[in-house]
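Labels run A, B, C, D and E following the written order; every chain starts at residue 1.
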Amino acid sequence: MDLTTVLGVIAGLAMVLGAIASGEGGLFFLNIPSAMIVLGGTLSATLINFRMKDLLSVFRVLRKVFTTTELSSNDTISRLVDLADRARREGILSLEKELDKVEDDFLLRGLQYAVDGAEPETIRAILESDLISLEERHKIGQGIFTSMAFFAPAFGMIGTLIGLIQMLRTLQEPSKIGFGMATALITTFYGALLAYLFFQPIAGKLAARSKEERLQKELILEGILAIQSGDNPRIVREKLLTFVAPGSRETIQLRKKR
Amino acid sequence: MDLTTVLGVIAGLAMVLGAIASGEGGLFFLNIPSAMIVLGGTLSATLINFRMKDLLSVFRVLRKVFTTTELSSNDTISRLVDLADRARREGILSLEKELDKVEDDFLLRGLQYAVDGAEPETIRAILESDLISLEERHKIGQGIFTSMAFFAPAFGMIGTLIGLIQMLRTLQEPSKIGFGMATALITTFYGALLAYLFFQPIAGKLAARSKEERLQKELILEGILAIQSGDNPRIVREKLLTFVAPGSRETIQLRKKR
Amino acid sequence: MDLTTVLGVIAGLAMVLGAIASGEGGLFFLNIPSAMIVLGGTLSATLINFRMKDLLSVFRVLRKVFTTTELSSNDTISRLVDLADRARREGILSLEKELDKVEDDFLLRGLQYAVDGAEPETIRAILESDLISLEERHKIGQGIFTSMAFFAPAFGMIGTLIGLIQMLRTLQEPSKIGFGMATALITTFYGALLAYLFFQPIAGKLAARSKEERLQKELILEGILAIQSGDNPRIVREKLLTFVAPGSRETIQLRKKR
Amino acid sequence: MDLTTVLGVIAGLAMVLGAIASGEGGLFFLNIPSAMIVLGGTLSATLINFRMKDLLSVFRVLRKVFTTTELSSNDTISRLVDLADRARREGILSLEKELDKVEDDFLLRGLQYAVDGAEPETIRAILESDLISLEERHKIGQGIFTSMAFFAPAFGMIGTLIGLIQMLRTLQEPSKIGFGMATALITTFYGALLAYLFFQPIAGKLAARSKEERLQKELILEGILAIQSGDNPRIVREKLLTFVAPGSRETIQLRKKR
Amino acid sequence: MDLTTVLGVIAGLAMVLGAIASGEGGLFFLNIPSAMIVLGGTLSATLINFRMKDLLSVFRVLRKVFTTTELSSNDTISRLVDLADRARREGILSLEKELDKVEDDFLLRGLQYAVDGAEPETIRAILESDLISLEERHKIGQGIFTSMAFFAPAFGMIGTLIGLIQMLRTLQEPSKIGFGMATALITTFYGALLAYLFFQPIAGKLAARSKEERLQKELILEGILAIQSGDNPRIVREKLLTFVAPGSRETIQLRKKR
């Protein structure tokens, strides 16, 4: 479970509901027609904006935002350095036996190519093309949430305009202007809340996860190429460690270093 | 028919018209002079902003948004792998007989060049130049809708300003302020609706379709070059499959793989 | 004459003036002091923002927006293919006689270099440097109009603020609030109209014209280099045709192709 | 201590508190529920938007904004030129003795590689990869503050909407509208103050510090490579001095130059 | 003196002051506390946002905006062509005597390197690094004014919010609402005026000057390299002239050309 996402959603809702509950008539904020125009309008615009295929992926993407798969660069580096060490001592073909233990699909494919004797350029070309496709798909996921964060306040405003026009048109007694305006503003409130508490931060989290996954895969790619070229394991580790923040580099490894 | 576009337009209009119908006096929202200034102003600004030639293409572009031509990357890959296989076994000239069966113009031209014995660099140069021109033209189409999404709220505001100035100038009895303001706000409502339910999402869909078409053509380009260079069909498939999301890669092909 | 620019300006003004005329007191919208602060402020900020030399070019640039010089890529391609054909048959020096007939200065210079025996890299370097300078100058022209589209609503708002402050300060009888507010809003209206009906679309048209001119010059550059290298005229045409949209490629030429 | 940050925060708060104190009822501006919705909402959205790991780094980052570590490029250049001089005269291995005196970790690692006899390409690859990782991490720090500068006014508006809706709903006596509106506006005020006096300028300072650190490290990288390649110390200094503004280049060094 | 900057400032102030003077009570617009919160807040945020070192350069930068140093590309080109001619006839060492007459520091350094026999790659590397540093420093200067143009309206709004809250809180007699609102709006007016008449256009002028200076230095760099490589002076002139707009190329030189 992604703690920050879950905590953020709970805390954010608590703040807003608390602010509503602290006044009277909190149920006034629960307005089904207002919700329909904001949510419905946002989803309609999003439907037009994207392809069916991309929209269907949104649920898988959403799950990703709420579940954590902390990727440990340090573990990956140890793994790659071990493989580099073995390949150097026993030859690259010796890695064939290791393939069954590899769980990461990207690493598995890369090692398979290396064991099969593919050219380094071919391996790099295929894996980089994979990386680019991955990033493109991630961007579509982020794009859907960014679009919803753009459309939600827009339809909030459209709902408020409809409410204002309806109220102002027949305005006779100024005493009613307050109630009508409050009702009209609820759609603006819904639109802002959806955009700024959900859609925009979710797009942000997706971007952070995407960058993390990309970094991890780049690390694996560099590692595979280093293994194949028979680089000194010490150099391999040095190279791969640059992908990790200095503070997070495991000290055990650094002690082994010299 | 592009289901998401059609569904989105219908659902969006239903939401907005429902919200209007739920109040009284729905016909008040039908205001020809307001529509004229918003639509007319938007179209005028767009006329100035673009070249005649580009504007005329907008209808062809719009049709694209409502009709689907789902491009199947898997089919294209099978096709290219078959061609690579044949070219490898029987020589590249053997593809000449296949040319009649090729429907895709881009693939046809590329294969023709390969059969004619053009240099790989020449083929890449010509086809990439084609790709870039294609993308440029697509960007103009998207640009027209993005511009209209920018101008529509602007002319909505201009219309509201005109209405407000006309009303405020002669404001004598405050009781009339409501009706005048409601009328003035209708242009803002029109501008927002046009921009956020139509123009902006249509530009988004065009961008998605453009990316899809570009990807498809890049895949074909890589395939043609691989065919020409006599690559191993297995490697060709591996390379081309990186253009497809792992989940969508056809399992049959992957099973054949090893 | 650029029909779309002229039509857009006329239609846009007709819409806005029609909306004003449809109400009473249309002359109220004609307010010299309001025009002065919006136009004067916009021009002042633009004066500070640009160099004298760049500002003086704005009139030449404006003329460009209202006059058409439809560039026919197809004609240019025929011309270049003919030249390539001749150069191939009779040698590149034979083009010297053709130079007098060449009107386009860019083509003339390029051919002159080729006839003079300059290195292809030198020709490309000089002509590309020309292209980049051209684009830089075009961007300044667009930048002036984009800046004015930014400053006009800003000074519209400043004018309205001045009007509001003057009115509110001495507000005694609420009955006058309407008239004062209407007057104050006129500068916002002027600013929006200038920005969204004139400055912004004109910047857009300039960008479109610039891209067209650049494309045309890139086409000529590729053509000259192909001529010099003695490429097969058929290949030259194929390469150059990629600059043209498939639908606009002249069928006569395509028929000649094989 | 970073004087500009501290001075800016103090002066900014003094201006705002002074403006509040100059009117009556300054304590009215101290509103805990308003602070909770703005700060709480901003933090909630930020929690969702980022990864735990990144958020934890924010305190370390904040400290950086308030403490100065003025990096002296001139000192670094002298150091590097001295090392280059020594390496040229006594051989690169002679630098091993100097390593203990080197405090900067980046310089230390680079020199260690050079002394170990690593290839220049390897050194450049590892150190540049380090630089890129560093910049990525800095961008996350800036991104957190930029996001908070985006979310704070948004939750300020959400708070004001809640307050307005609560007040307008039961609006009976117009005399109370003032007090309710004042209360509702306090969240907008909080959001704007947080965003424009704290979050946005802090993101700006982080960007400036990041650029400074990157420049310093690039300078060291170029220096190490120049040392390794045995460049003439005079040329080394010339190259490295281009990283420094002409006005800040130390005259002593320039005098030594010829 | 930079005429456009000075004229723009005078004309802009005249427009705004004229509009204020045309109404009654112009002195009402002179409000010291309002000026303090807008200017003070803007400067405080700017202090936090930048480094002391960068902020101190702002005065030197400001002087640049008001003084003209029209750079004549044509003169520079003549100069470089003469030097190329001489270097070609008498050898590059003959330029040593010319060095004393060279005033431009950038040209002087480049020629000195060439005379000293530095490699072309070294000269290009050092001078380009110089160019990039120069541009970075220019961007900081522009960034300070762009930031102030961003912060000024923000603190104008903050000041207006404070004024509105103070006024609305104790609102008893509606007759006073006008005066209070007028006072509150003055900070918004100040913020807008500072941003749109001063800070934003000044950042624009700095960008234009920076581009001009960069172009001039690129021209010199190309010229020096051409001189060193012993290029034909005619070709040198052709190459350098591409940096100049066709309309501004001096006809005398073009006549000499053939």
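Throughout what follows, a contact is a pair of C-beta atoms (placed from the backbone, for glycine too) under 8 Å apart; a residue touches a chain by one contact, two chains touch by 3 or more.
Small disclaimer: the values here were computed from a predicted structure and weren't measured.
**Q** Starting at subunit C, figure out the least number of steps needed to reach subunit D through touching chains.
**A** 2
**Q** Counting one step per pair of touching chains, how few steps separate subunit B from subunit C?
**A** The distance in steps between these two chains is 1.
**Q** Using Cα averages as centroids, what's the distance between subunit A and subunit E in whole Å?
**A** 40
**Q** Between subunit A and subunit D, what's the gap in Å when you average each chain's C-alpha atoms?
**A** 25
**Q** By residue number and range, which residues of subunit C touch two or more other chains?
**A** 174
**Q** Output the circular ordering of the chains, read from subunit D in the direction of subunit E.
**A** D, E, C, B, A
**Q** Which residues of subunit D touch subunit E in the complex?
**A** Contact set of subunit D toward subunit E: 3-5, 7-9, 11-12, 14-16, 18-20, 22-25, 28-29, 65, 174-175, 177-179, 181-182, 185-186, 188-189, 192-193, 195-198, 200-202, 204-205, 208-209, 211-212, 235, 238-239, 242-246.
**Q** Taking the complex as given, what residues does subunit B use to touch subunit C?
**A** Within the complex, subunit B touches subunit C at residues 33, 36-37, 40-41, 43-52, 54-55, 105, 118, 122, 125-126, 129-130, 133, 136-137, 140, 147, 150-151, 154-155, 157-159, 161-162, 164-172, 174.
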